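Below you'll find the structures, each written out as structure tokens.
Heads up, the next two complexes both have subunit A, just with different partners, subunit B and then subunit C.
Presenting the complex of A and B:
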């Protein structure tokens, strides 16, 4: 008797689970949850290199003028990197209405990326935008077997006749965030929650500290590594640990800024966001500012060159001046004079009056890493394994 | 190291130890009935995503906690069907449940990635109103934290002071003997799994709704397996599980503090401290016969013809 009862009970459980499974995606047809929309569309109308895009007003009567396949490594509503990339891709559609976008999210691995891209090409995509690190190899492989399709990859280094790379230049933006943090800190201690001690992460931390030192010679950046891109509980632990050591400004380089920023807010510490400008929603009170990728203008321009046949493989890296990186609005606690100062520094960075990694720069042990008159190159930035003086923590 | 940072380690241990402790308590009950649940990681993920989704949809964190607990119970019942009714191998079924949980939780949680929820309200520990804000914020705990030690005592009482607990432990030691004395091993194991799943669900709810206030894929980051290890560490005893969970979480908080104290030790090495500490305690504590595992842990009960 009992066994029968349980049999049916479990049958119900399993069926419910399956029904839930089947219903879950159907119940949410909108790709973006309502919380993700406070940010104005990141479509910066200015393309990076002159040639303003003439909005092709004449929609082709037969189907789309260009099918673009875009794939992301994570969920596009993460208020982080993937959301920033998603908004950039969507900006193409806004600026050039006749294009059709096929988008795929949560494609983290190489094998999945290859199948996804093949699928998109089979559906007629003539341009592929791959935004995750792991997409580079499969995209490059496919670019060789599909010479008629243009491939653009975010943040890599490979190049080919129909394969190119584009990305923003975050270090200057990080310098700017450091300036804001250095102005706002009362304790002269700022906390940085980072996933792994990778070259670019260390470069961001260094740029942040250099920016803070430029306005506050006593400012220190204290670093805590979580060794995971998405271990939220450990991010909360790390944030609390930094606040307990006296940090009153917290920033991070992990996948989703949500946990770090909400935890800092709950402890009454200022926060600075990274990746997507949408991070601000998690800190209504103690938000200073943030920086994120706004590559919509760049992608629109690239798509327009594909449309008119002038596309060339260029290794594209663009910063704040070109509209590829943007600064989030200031929070309510940031005084007017700090806002003005930061805005001025932003203008100086864009004009090249301030160069983030200009020598002399010394590391924690006092060794000169960048000599007087020299500037750190992009290649060197990606392979940094040292912290500048003023950062507390071990880089390896 | 200041007083604040030392108090901070204690506070962090309590905050992140709570989810571990609930999960460990649940697994203690399950294993005491003779079932080892290696799918706990998947159970936690499904509970965490379900709870977060409900909290986000309804705007009520307590409903989220309830949903997470139920989801945990239901996930464990799936394991029950596999290993009790279908008499499948527990280890293989558990791992299958884990992978099922990875996928299902990603699906449930997907629309809520990046959503902002109202976390469980935090109430200051009584008597600390005079502290400055920075100190006071260390001791503002949510309801699940206040209830976790009573929950451990309750589990101890259930297991060791009630007839139900006696029957449950008897099934875990020898299902045949328990059956001969008039107990129903199938029913008891289902009950143990359900209660264990409820507790694991509470742990997951604390993780996503109260502490991190966020859902990200695979956010449990191995905590399900750590809970299975903590059950062994605490020798299947709910009160010792309190020590285990707090010690482990304190070690995590302590290594984060060390990392940022300016000490010249690789953060890679410091990150292993909690695991090394667990190993060390296991070695020192040793394997005495007295507190050995339930005798028929992991064994399939085929019934008595």
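Presenting the complex of A and C:
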């Protein structure tokens, strides 16, 4: 009977551990902006963001005019990527009241997401919005077996007759944040907490460093990888060690900015947010600024085209100028002249006067990666495996 | 196993085997149904408190899982890895080897199988798939060999080593994904496998060959334990290793070999996940399948029938819980509460009530 007792004890411990870990927010990969290659270059019509679509007149007495299934890879209250996407989906409901939204959070990756989407379609969903990068394959496969359902995926590259992709344009936003950080840093060391050494993440870090160098040639960015999209303990560790190394500006590319920014705040280091504008709440004092996805207008426009039958598969990328990404308000410690300068750079970026990845750009070893007169293409940005000069850390 | 096995002889005496089996099956079903009803009752209270209609919720869950062919197929899909991983725990448990390391062995199996799938992508399916199965089993066995050998030599307890190796294996997998198998387009996963490296599926659903393999393995396990010399010797070692050793049984060899076979089965589960379910190797893909298998095995005391029933129930809860989120607007975490209730109730085992119930038929002696 001892054995049974032991077995039971082990089982209880494991059950408890499992339930506890199950309650923790699942780590989910942030969708990354994609490579633009295999897509017929449709002149991306910019969605009218400011003008909400007029609500369809008669709220059909029979039920919702359109059922939209939205699935997220992580918890929708993460103050980060998933929350930004959740708010964008909810904006559809606000602007077009007759739609019904079925939403699922913490949806497993890849094949694990298929059940959720099948269930949504069984519930009558005619439009599926998949916001996690690792939901692209399963969504694409389902789009082939459900030709009557329209699929929109955030940040991928695949296209099909009823499958399209939408996303923001983060590199310019990162350049802008680099400018702000380069102006604010006293120690000339900035810390970047990143999840994985992936092409797009490295591009963000490079854009950040280039922006900082444009105003502060001595600015360095020190990179710490956590190798997880949502590991709070590692994020706090990484932030602390970056601050210990002398970094006085901290930013990040992980799913939820909450841990990194609140840790930086507690250490008295400036912070720069990403993913969601909600990140600002964690740094009432040392907040510089941040950027986040604000795709509500885009999604509303897409849903309205589904409603009136004019939906077409468009490879949609839109930046700050089009309202798909936005900059958070400045924090209380940011001087007026810095605010003005950053605002000016923002206008220049939007007008195309400043191009983030314009040559010459040299990497850490001094090799020229982008020659004079050349500009890094989206395709190349997605596959970057080097850091620009001034970044401290290994791009592997 | 101790109790159920103790019961069987008393049942089989003077009764045809089949009837005894039927009786046992019925008892199992009644017992599990009662336990699950209790869990549903508790969870219903929570649903009521949060302002949802429990009956509607349960109706949604049942119709979405058992009410349609698609739903049922999804239950089977969710059940398959649990069956295999539970078996990977149940077999060593007959030797009182506590294999907590299924999760790690599963990762290594997946890792080895992925190497095969990515390296020999030109091979036809009929030789690539068996190769991947062998590689997967080798990976799992290798990961289980270390704890098994250390235990057999009396150096370290296998519970500790298998548990600790669990956190190593996913990092090894990450190393390969980010080091060698990483294409810039894919972030935290390998490229998709070629069709030849995918396990065949049945009837246009996602149920793949691994379900059949799992059922065959389960039957094989039952048969080996019941009717072969190996089974007898393993039960002898499990009952009293000292006595077994004095009787000349190669106890150490058994410990290592059985541990490796357990690991190989877990590795097979990993292979089935990457080749059948995912079709690629995803960083941290498992989401605790190995731990779930461990739980299921211990909850059913390593009994093949119990493994089948428990896996099925857990799979229904998992699959049905998905829909609660969509139709009832319940947060995702809620389904973990139902699962936890079920597991705790099964753990608590309201044996007294069941025995009293059975006492009415006068069929079962008190254990």
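We adopt the following convention: the second predicted complex is superposed on the first by the 340 of 396 C-alpha atoms of A that agree within 3 Å, B and C clash if a C-alpha of one lies under 4 Å from a C-alpha of the other, contacts with A are read in each partner's own complex, and residues count from 1 in each chain.
The rule is simple: contacts are C-beta pairs under 8 Å (C-beta built on N, C-alpha and C of every residue); 3 or more make two chains touch, one makes a residue touch a chain.
What you see is a predicted model; the values in this text were computed from it and never measured.
Looking at A:137 after the superposition, I want to know if it touches subunit B, subunit C, both of them or none. Which is it: first, second, both, neither?
After superposition on chain A, A:137 lies in contact with subunit C alone.
Quick one: classify A:227 as touching subunit B (first), subunit C (second), both or neither.
The answer is both, since A:227 touches subunit B and subunit C.
May I ask you to decide whether A:281 touches subunit B, subunit C, both, or neither, giving the answer as first, second, both or neither?
The answer is first: A:281 touches subunit B but not subunit C.
Is A:79 in contact with subunit B, with subunit C, with both, or with neither (first, second, both, neither)?
Only subunit B; A:79 stays clear of subunit C.
Give one of first, second, both or neither to describe whether A:115 is in contact with subunit B, with subunit C, with both, or with none.
The second partner, subunit C, only.
Which partner chains sit in contact with A:197 here, subunit B, subunit C, both or neither? Use first/second/both/neither.
both
Under the stated touch criterion, which partner chain does A:343 make contact with: subunit B (first), subunit C (second), both, or neither?
neither
Check the residue A:106 against both partner chains and state whether it touches subunit B (first), subunit C (second), both, or neither.
Both partners.
Between subunit B and subunit C, point out the one touching more subunit A residues.
The partner with more contacted residues on subunit A is B.
For subunit A, give the residues common to its interface with subunit B and its interface with subunit C.
3, 7, 10, 14, 17, 21, 27, 35, 75, 106, 197, 227
Quick one: in the complex, what on subunit C touches subunit A?
2-3, 64, 70, 74, 93, 96, 98, 100, 159, 174, 178, 184-185, 187-189, 192, 206, 277-280, 282, 284-285, 287-288, 291-292, 294-295, 298-299, 301, 319, 322-323, 325-327, 331-333, 336, 339-340, 343-344, 347
Which subunit A residues qualify as touching subunit C in the complex?
1, 3-4, 7-8, 10-12, 14-15, 17-19, 21-23, 27, 29, 32, 34-35, 69, 75, 102-106, 108-112, 114-116, 118-120, 122-123, 133-134, 137, 157, 196-199, 227, 382-383, 385
Taking the complex as given, what residues does subunit B use to touch subunit A?
Residues in contact with subunit A: 2, 4-5, 7-9, 11-12, 15-16, 19, 74, 77-78, 80-81, 84-85, 104, 106-108, 110-116, 119, 122, 133-134, 137-138, 184, 186-187, 190, 207-208, 211-214, 216-219, 221, 223, 252-253, 256-257, 259-268, 271.
Would you pull the subunit A residues touching subunit B in the complex into a rising list?
For subunit A paired with subunit B, touching residues are 2-3, 6-7, 9-10, 13-14, 16-17, 20-21, 24-25, 27-28, 33, 35-36, 74-75, 77-80, 83, 106, 191, 197, 222-225, 227-228, 230-238, 240-246, 255-256, 258-259, 262-263, 266-268, 278, 281-282, 392-394, 396.
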